[in-house]
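Structures for review follow.
Two complexes, one shared chain (subunit A), two partners (subunit B, subunit C).
Presenting the complex of A and B:
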């Protein structure tokens, strides 16, 4: 099937989202709550585009809208631009302490607005909750609702399920989840974890429950190496350098 | 001893409620409604046991428990006073009623008296605007209330033990 995105004809498979098709065609649609690892969530609505099917125009979230028929997609119409600008204004109002929102606020030339809480930096994109779910810990979730909604552990206490992997903080686009690493310990979500050292460089790189969790998940035996991503890369590169291609 | 036996009784009550539903995630809400009805709030232990029973993460159960206004994580009073603060009741002086309750019981909306007798809530509309201002005390509706009526209602409930 063929669709047109910003006047460019592109081949798509049925069921694929507009965002996927556009990115493959090299057309950038801005997103906030999207991660290739999880697919579209449809939370932030930043990826809204205009579609035209059979002469009718409407606005859809491109990250969750599956293409099932021929259509014309426009990613930068005045209506779409206005929505993005409004979204940035509102998210900046909510999360003024985030560098990302400060940058976008400038970029989209938004009108000045009084922030709700000058120290807030969470934009409620839910990527952290999704990451925690994918890790298999399910330690955090959104609590309360409406303007009071936030991400937290049950009862705002240390969660037994948390392994201290910091996937939530790593994926957070606005750096809203505090992680403290000091003296071989990592503090996150009201808990403190002892960290593991890399067998190569000796640096602390993950928490002990994570090492165990990974072993459980991948059924690696205890003799497998505990090395940090940096050293692993170096080691693999060194091994690759030794590989000789035998092409006859 | 007394505290321990109370704990054991609570635990049994939770178990009874939780186990009366099949261990499936879709019954989470129903279990929590029964728990709320029995305890007037959702005890921490109850949420933990619910999560185990329906095989859902505690974070998901907690998320649901905090999402719905019908649930409370702190004990609610024996008598729940709901003052309607919808448009009609608001115009007819519901804020005066809320002030009157504060004067008599010392609680604001969302609060419970220290003796665990009364809780005050505001609701956005009860659909009985012709009866404004409306008060609901433990499901019983009081129409066209005045501060004097309010004091009588409170006095009546103070006297009645369940």
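Presenting the complex of A and C:
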């Protein structure tokens, strides 16, 4: 099936989202809550585009809209641009302490707005929740509803489920999840974890429950050595170097 | 005592309204007292028995007691009145004047509620049995033609014919969306996936709306019959009734009804000897307003957080457990047996071009007759508020009527002659919603009304998508500022621009309609916003920071009512001489202006 995105004809498979099709065609639709690892969430609405089907126009979230019929997609109409600008204004108002929102606020030339809390940096994109879910820990989720909604562990206490992997903090686009590493311990989400030392370089590289969690999840009981990703790469490269290529 | 003999029937039935409103006012005790008085009493000329029914609609006058077939209605009945009713009416056959309905405008007494303006203008379809039957007795429902539609559908119609009939009737979703019900059924039946589900949406959450509760409490079998007919039409195997946990009586009556329907063979295996096997379960909702949105409701049934998803694929294709699902509102289901029984032509003969049938409204606010009313689509707001509702309380001025729940809009006086249906209300910047009508008088500040509803939505939005969560937060912030006298003129542009973004970009219908209270008040009551911003004045005298009351000495006759009502002792004055308000003591609570019978208290 073929659709047109910003005038460009592109081949699509039925059921794939507009965002996926656009990205493949090299057309950039801005997103805040999207990750290829998890698919569309429809949360930030930053990826809204205009579609026209059979002469009828409507605005849809490109990350969740599955293409099932021929259509014309426009990714930067005045209405779409206005929505994005307003969304940036709203998110800057919520998370003025985030570098990402500061940058977008400038980029979208937004009008001055009074922030709710000058120290806030979370934009509630929920990528952290998705990451935690994918890791298999399910230690954090959104809590409460309405304007009070936020990401937390149950009852804002240390969660037994948390392994301290910091996948949540790593994926966070605004650096809103505090992680403290000191004296061989990592503090995250109301918990303190003892870290594992790399057998090769001696650096602390992950928490102990993560090493165990990985073993459990992947059943890689054989690779019981504690090696950081950097050293693992080096070690593998060294092994590779030993292999002699026979050229006759 | 009025000299008016009651009839002498073969059998006499006394119906005690035991809807939630009447129960709260003591109708349970009335019913018990009546049963005691009737038991073993052989002084009656005919067999007499009592029945506890669902809500009659005229909650304002409850507890209501109706005597049939004499057609006598008594209002505000208490347990103490029972012996008098027995002695005077049931035995001597005389009417008790003080318990009769008295028209608030004409002061005339009415023997039967049927003769009052409140009931005369109504046309009961969805509410046809409520108040007439005991909802806990399947026999009562059967005697009024219950389950005949199901029998007709299963025994004489194909599933396609049932869908065609509902489609032709022009029935549209009564929960607010107004989507053609028949199209939903057709789309679901056209999928190739099994199993399929039907769901009854009873998550009624609009402040002031109680039509779904009344139907579930007062006539649960009609909802079951609607669901079973749909199950036959689309080939569903399981149905769920999602009902708010707070609706205790509804859950109780539904539970009884489901058990009885199973016993009678209307639910279970091979219903009425056909190949249809279908059962219904009740799911109790946790009380989130957003769960009235169908995808959030489905998430909730599945045990997930009640958050909607993008409905680019409809639930008819991918709904509960990702299976084809038809989900309709309580009132919609209650209409289905009528359509099958009476035929689509008869049903479609009521209403307007685009909206067929009737609509139940819960008429509340500053109106004389608060309660539940059912009128044909196309009835004007004026008829509903002034003829059925009896006008505005305390003879005050009508200002606006809020329709469609918290994300509906406010309609001004100039649109009172608007024939109400799905399309006209949307065009007027409001919506049908589930049918809440909140009447407001001149003591209502429209900016504060917008702030109130936006505040409700700030707490009840699910908080998933940015435009709804953050947009509503900003709207609330601006409206609060305006109500406190800190608003700026450019705030109005920001309100409008953000409202538009929320409408266009929010994920679900709750978000997309959330700006309605703001936009409709800006459209019809912009002057009031400007007064708040430019002149730091709240013309209705509601926003405390912007209100100063004074007493017009020309109009004040010194009755002293305001002086006695004032909780801050701010009103002074001698008897029969004009009073004064000491502004240094005044807490602008409005007691004086609300209680003055001579309109002498004014807003500066």
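The rule is simple: the second predicted complex is superposed on the first by the 232 of 248 C-alpha atoms of A that agree within 3 Å, B and C clash if a C-alpha of one lies under 4 Å from a C-alpha of the other, contacts with A are read in each partner's own complex, and residues count from 1 in each chain.
Operating definition for what follows: contacts are C-beta pairs under 8 Å (C-beta built on N, C-alpha and C of every residue); 3 or more make two chains touch, one makes a residue touch a chain.
Please read these numbers as outputs of a predicted model, since none were measured by experiment.
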**Prompt:** In the superposed arrangement, which partner chain does A:83 touch: subunit B (first), subunit C (second), both, or neither?
**Reply:** second
**Partner chain in contact with A:139 - subunit B first, subunit C second, else both or neither** = first
**Prompt:** If you count the residues of subunit A that each partner touches, which comes out higher, subunit B or subunit C?
**Reply:** C
**Prompt:** Is A:154 contacted by the first partner subunit B, the second partner subunit C, both or neither?
**Reply:** first
**Asked** Given the touch rule stated above, what does A:59 touch, subunit B (first), subunit C (second), both, or neither?
**Response** second
**Request:** Look at A:98 in the shared chain and tell me whether it touches subunit B only, subunit C only, both, or neither; answer first, second, both or neither.
**Result:** neither
**Request:** Determine, under the contact definition given at the top, whether A:121 touches first (subunit B), second (subunit C), both, or neither.
**Result:** neither
**Message:** After the superposition on A, what does A:207 contact: first (subunit B), second (subunit C), both or neither?
**Reply:** neither
**Item:** Footprint overlap on subunit A, comparing subunit B with subunit C
**Value:** 141-142, 144-145
**Request:** Name, in rising order, each residue of subunit C that touches subunit A in their complex.
**Result:** 288, 290, 305, 309-310, 312-313, 457-467, 469-474, 476-477, 497-498, 500-501, 504-507
**Message:** Quick check on the complex: what are the subunit B residues that touch subunit A?
**Reply:** 44, 47, 57-63, 66-67, 73
**Of subunit A, residues touching subunit C in the complex** = 42-46, 48, 59-61, 64-66, 79, 82-83, 86-87, 90-91, 93-94, 113-114, 116, 123-124, 141-142, 144-149
**Item:** Residue ranges of subunit A in contact with subunit B within the complex
**Value:** 132, 138-145, 153-155, 159, 161
